[in-house]
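Chain lettering (A, B, C and D) follows the sequence in which the chains are written, and residue indices restart at 1 in each chain.
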Amino acid sequence: MITTINALVDMGLLVVLSVSALMLVRCNSPLNTIILNALYSFTICSLFVIMDAVDVAFTEAAVGAGISTVLFLCVIHPDDESGRLFVWPGPLATVVALATGLLLVFGTFDMPLYGDPQVPVHTHLVTRFLEDSGTEIGIPNVVTSVLASYRGYDTLGEVVVVFTAGTSVLILLAAGHARQDSGDGLISNSILRVVMPRIIPLVILFALYVQFHGDYGPGGGFQAGVILGAGLITLALLTDSRIMQGVISERWIIRGMAGGVLVYGLVGVASMLGGGKYLDYSVLAQSSTDGQHLGILLIEIGVGITVAFTMLSLFVSFNRSGQTGD
Amino acid sequence: MIPVSAVVLIPLLGAIGIVLARRHVGLRNLVLVLTGIGNLAMVGHIALNLSGYQEVQVLFETLPGLSIAFHVEPLGLVFGLTAGILWPITSIYAVSYLDACRDTHQTRFHALFCVAIGSAMGIAFSENLFTLFLFYEMLTFSTWPLVTHSRTREAVSAGRVYLGVLLASSLLLFLLAIVLVGNYGSGLSFVPGGQLASTSPALVAVLLVLFVFGIGKAAVMPLHRWLPRAMVAPAPVSALLHAVAVVKAGVFSMLKITVYIFGYDLLNVVFLRDILIWFPAATVLVASFIAMRQDDIKARLAYSTVSQLSYIVTGALMANSLALIGSGMHIVMHAFGKITLFFCAGAIMICSGKKYISDMNGLGRSMPWTFGAFFVASLSIAGLPPTGGVWSKWYLALGALELGQVAILGVLMLSSLMNVYYLLAVPLRAFFLPAPQPQARLECRPALIGPLVLTALLSCALFFLSGDLQGLLADLTRRMASP
Amino acid sequence: MISSALKHLPVLQVVVPLLVAALCVLAGSRFLARTALILTALVMLSISLMLAGQVYPDGVISYALGGWPPPWGIEYRIDMLTVFVLITINLVNLAAAVFALGRNDDNLGRGAHAAFYAAWLLCMAGLNGMVVTNDAFNVFVFLEISSLATYVLIGCGRDPRALLASYRYLVMGAVGATFILLSIGLLYMHTGTLNLTDLAQRIDARGANRTVIMALAFLIIGLGIKCAMMPLHDWLPNAYSFAPNSVTVLLSGTATKVALYVLLRFVHDLFGVDHALSVPVDIVLVACAISGMLVAPLIALRESNLKRMFAWSSVAQISYIILAIGLGTGAGVAAALVHLFNHSIIKVAVFMAVGILIARTGTARIRHLGSVAHTHRFACYTLLFGGLGLIGLPGTPGFVSKWVLVSAVVERGWWWLAIPVLAGSLASAAYVWRIVEILWAKPADIPLQQTRSPLAFVEWFPLVVVMGLVLWFGLHASLVTGWAGLAAAALTGNGS
Amino acid sequence: MTDAIPGLFNYWVAIGLFVCGLVMILDSRNMIRKMVGLNMFQSAVFLLFITMGKVENGHAPILADGISRFSNPLPHVLILTAIVVGVATTAVGLALVVRIRRAYGTVDEDEIFDRPEVEPEIVP
């Protein structure tokens, strides 16, 4: 039985989470929905931290609370404010949802209890990751080891998902619309305009830290990419977006998106050429752990590039559509 | 030795030839007639070299145990010969008929006609149920455009009934029966003695029901509705397809299945057979009743066909060698008789514009050849000498006696009496009743009259040739006795 | 060099389209992307065929990605079943890719063409990835790659309703994917592993409990959405009808088929054919299948849009595959595979013909298509023959499918199931013939002569090839059925 | 049974979120709100995964001296990927919403579906 303070915090956060979920369901205004959604994301982030999933928490904070919120904000429209969002769910939806829920509750009684270390989840695959990754891969963050090496192929898939999303948004929002240059920056608050540009180098520095420190602590290419992307987006928001276009054209943003995927994919090709299986980093250098280090470094860079440029691309696409939509 | 499949491929190639020659009417018609003659020559070749055609010819093996294959056996040969002889005659009739109608889609018509005949040939020489079903459906689909040839609203709606009944029965019941035979029986091939010897009696009974009602082309009531509706088609279609190829394909399938899938030994012990036989028997009577009340000549002929088809189905269900001979002969006799009648009906419609029997008083004197042929053919259908029809009915009657079903014998006799009444009435009315107004001579051009006189003469000739036919079929019964 | 590349074929099957997609976006040129699409499609098909050449004599190929042995790493596992599906979808892909070069009815903005072809390749990479992988979570990742790409491909349709269709598919698809993720989580919870082979063994060893049953339930719902099983089919008709024609061709032969494959894999491999689960999976699948095969054709019969009508027909045909899967026997699996292949090639031909017709006449409204057959013979005759295949008339692959299916049904002892199967055929006959009647016999509604235009090579060539396959496999089905039998043996041999 | 309530509470909350999300997806008219529901729906599953990865008295799975008990990193890896997949889906969905608004002037499903279906002009 779990009686630690950890469990109490856990339960408390769960209650907060439930409340915010209910508020979200009942919420009637689009803007509030989005803000509440961000709140909900942060709560669940804290829960992830409590449950030792620091990398996940980091990602959820960057994505669930960060990127998603930005995307939602790009899409809502002043006209939507008038409509009532919440309606009491119809009988069909209620029955379907409740039936699913009851089925799940029924199933929970065979599930392992929270924190029980003696269940198959903790005794089968994971023992190798925890016990041997130190010698096989040689980096402390087991999540990074598993993510980038043991299940590196899934991560390639993940990058491709990001790339696919970027490409998809590009296709959807490029359709038939000539590019319109916005005049001034979007945020006219003068304090922000003064302060933010000075912070942005720090943001970029932080991103680089997260990128390369992922082996040792929470973080990695994905989170770094999001931060870098966010920094550049902020820059664009604050200043004349043409400045950003001067720095980097849309063409190159798109190429960057593809470039990261290629970096990742070609690391795999390189390991095939080196005589190993696809994404077997051990063959990339003299010693197997050096190879793993090198491989993980390279693919994390690939991830970072794709994610950062995809964030930029998403922003550019949505931003353009926002301007031309009116 | 030319392979059996040539009888199927010649008409199909002919169809392609007709389409290719569509810009030159003369060439197209030549191709048509040559295809018909070539096909007849091929069937004749098979008939004369029976000993050379003992082998099964496998065209495609779709799956193990599921192949498109052909063989030659007496029943199929009889059906194939009948269709083969009548087709070139019909071609000549069809060309002149459509020209007389100033039809503008003759290429389509003739090409599909070839496909339909090819399908009928495929049915005749099919070696197994799969091949039979393939060509059965091909026949259904290739005749749909012929039924709806005029593209009028009435024709399209008739086409729907036509396709609906035939497809529904074949896909739901016939196919189910084939699948069951394939899975529970020992194979799909037609072999003397049948394929169901080792199956349970209940399954055999179910299969019998499925086959009798699944083969919609045999038009056993209540699945007969498509046949009268199909009469919107041009006369040559009604003549060859709905008196010979399509409907005979149905009853022929019935016969072939009873002989080669069930086997008479098995069929005679199925209790349900004695109940089921009353469906075709009732059809014989009821259709004759309806035919008596029809004034439209093609409708009357259509119901007469329904009735005569059920003679054959009844014969097939009697499951004895006399009835088999009778049924096999009736395929031929009825074909020659009925095609003549339809040729006549077409000729009357083209040349005098009349289609109601009540309008035909005295018409015989202005169209003596046509009504003469009608008279002869009516005798054949009714089963009176000197036409071939007498023999087939004779054997069917003997078969009914052997079965011990005197009631069925009665039904057949009664129906024949009605045949006499409703068919012979037409020429008698035309020759002996006075015409409402004096008429000029209306007889059609020779190309239209020639075929119908020829088929009428052939009906008479069959009276004398029936010995050969009987010999052929008796050979089959011997083969069944010693599989 | 070559021989070493042969060792890597399983992963190349997926990585080649992935990287080419990235290169397409990098290059950004429409011309290059089109060339790359065709070449990659060819390469993918060749890889599948070569894999078949390797698997047939050698048995199963296991490829450990990253060099980590399964179950710790991700494993690619190729057996006869895998290559069967691989060849099917890559064949379809090649045909659809060539067809996509023709007149396209998409709504792409400037500069989006290269991205469109990239999305196409990503979709195929995702689908191939789902097929070759032997890792439950990897299935989910590649499912999402293909799904995202599919959403956008559908959304490229010219009609604005394509956007709605795509959106709806996205929502349903995301729910389905989440169900699948949940199911994978529950399986992982019960066994501690993600490798399918390992999972099967551990489920066998530990027995089933409520967690596993729930996992199965959510899996069936999730995959049911992706493969458009009857009550969960809502997205499919609109998605197919408003997508660009070439995309419809692609999807009809690949996306749902791969979902069915995954269903087959999970249901048979993990839960075993005769596994003593206390839930009647077979009954559920069969009930859904029956409702699909009877209801969908009736809706198709009332449909006013040609493409949507054939989309409903897909729902119906998919039900046959689900029925075969639900039988839970080796013969059932074989029947499912046979129909999977046969329906793919028939539907591809049909949708190509429909695409050609719509591109010419400018309308998909059935009632505007009167007498079109007289001016657009090629497309209409293909449509006719494809339709006959959908009905399942002898001489077409459809008959072979139904024959094998009904035989499997009878073998299972449920001979009465043959009745809905055949009734479904009859219902298909009704909607097919309705179209035939209009195309051939209804008076023309639009100035037909003006709609004539010569067929481009990329339009008729793939159609002729696919039609050739349809004709060939209608008459010589032994290759397909034999292979399906081997594949079924590979599958049912694994689970128990 | 005394363990069940604290031991399974996480799951139950996750299920509650799951149901809330499902209701939002099934019954929202507003397409944007539907996407929010989808996010919630997915996060419920994430919560379930992370819950099963937790080990009592465990630490974040970063190897360090003196710590021997770690929570399970594998669910973390899976959910990292799943979160990314989720946001990718959201992005594509919202892009579609933007296009739908452009084409129909609204993001209210009922409003769009209440309109009569207009077939586009025939353009051969």
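Keep this in mind: a residue touches a chain if its C-beta (ideal position, glycine included) is under 8 Å from a C-beta of that chain, and two chains touch if they have at least 3 such contacts.
Only a predicted model underlies this, so the values are computations on that prediction, with no experimental measurement involved.
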{"item": "Any chain that touches subunit D and subunit C", "value": "A"}
{"item": "Of A-D and B-C, whichever chain pair has more C-beta contact pairs", "value": "A-D"}
{"item": "Identity of the most central chain, Cα criterion", "value": "C"}
{"item": "Centre distance in Å when subunit A and subunit D are each reduced to the mean of their C-alpha atoms", "value": "13"}
{"item": "Length of the line joining the C-alpha centres of subunit B and subunit C, rounded to whole Å", "value": "44"}
{"item": "Chain centre separation (subunit A, subunit B; CA means) in Å", "value": "75"}
{"item": "Rounded Å distance between subunit B and subunit D, as computed from the means of their C-alpha atoms", "value": "67"}
{"item": "Touching two or more other chains - residue numbers and ranges from subunit C", "value": "137, 141, 144, 148, 151-152, 155, 188-189, 194"}
{"item": "Junction residues of subunit D, two or more chains touched", "value": "22, 52, 74-75, 78, 81, 85, 88-89, 92, 96-97, 99"}
{"item": "Per-residue overlap in subunit A, given as positions that touch at least 2 other chains", "value": "104, 109, 111-112, 119, 121-122, 125-126, 129, 151, 154, 157-158, 161, 164-165, 168, 172, 175"}
{"item": "Touching pairs among all chains present in the structure", "value": "A-C, A-D, B-C, C-D"}
{"item": "Touch list for subunit A against partner subunit C, complex", "value": "103-104, 106-107, 109-112, 119-126, 128-129, 149-154, 156-158, 160-161, 163-165, 167-168, 170-172, 174-178, 251, 254-255, 257-259, 261-262, 265-266, 268-269, 271-272, 275-282"}
{"item": "Interfacial residue positions of subunit B with respect to subunit C in the complex", "value": "60-64, 66, 68, 130, 133-134, 137-138, 141, 145, 148, 151, 156, 159-160, 163, 167-168, 171-172, 175-176, 179-180, 182-184"}
{"item": "Subunit C-touching residues of subunit D, taken from the complex the two chains share", "value": "22, 25, 31, 34, 38, 41-42, 45, 48-49, 52, 74-75, 78, 81-82, 85, 88-89, 92-93, 96-97, 99-100, 103-104, 112, 117, 119-120, 122-124"}
{"item": "Contacting residues of subunit D [partner subunit A, same complex]", "value": "2-4, 6-13, 15-20, 22-24, 26-30, 32-33, 35-36, 39-40, 43, 46-47, 50-64, 69-81, 83-92, 94-99, 101-102, 106-108"}
{"item": "Subunit D contact footprint on subunit A (complex, rising order)", "value": "1-2, 4, 7, 10-11, 14, 17-18, 21-22, 24-25, 30, 33-34, 37, 40-41, 44, 47-48, 51-56, 59-60, 63-64, 67-68, 71-72, 74-77, 79-80, 83, 85, 87, 89-90, 92-94, 96-98, 100-101, 104-105, 108-109, 111-117, 119, 121-122, 125-126, 129-130, 133-134, 140-143, 145-147, 151, 154-155, 157-158, 161-162, 164-166, 168-169, 172-173, 175, 216-218, 222, 314, 317-318, 321-322, 325"}
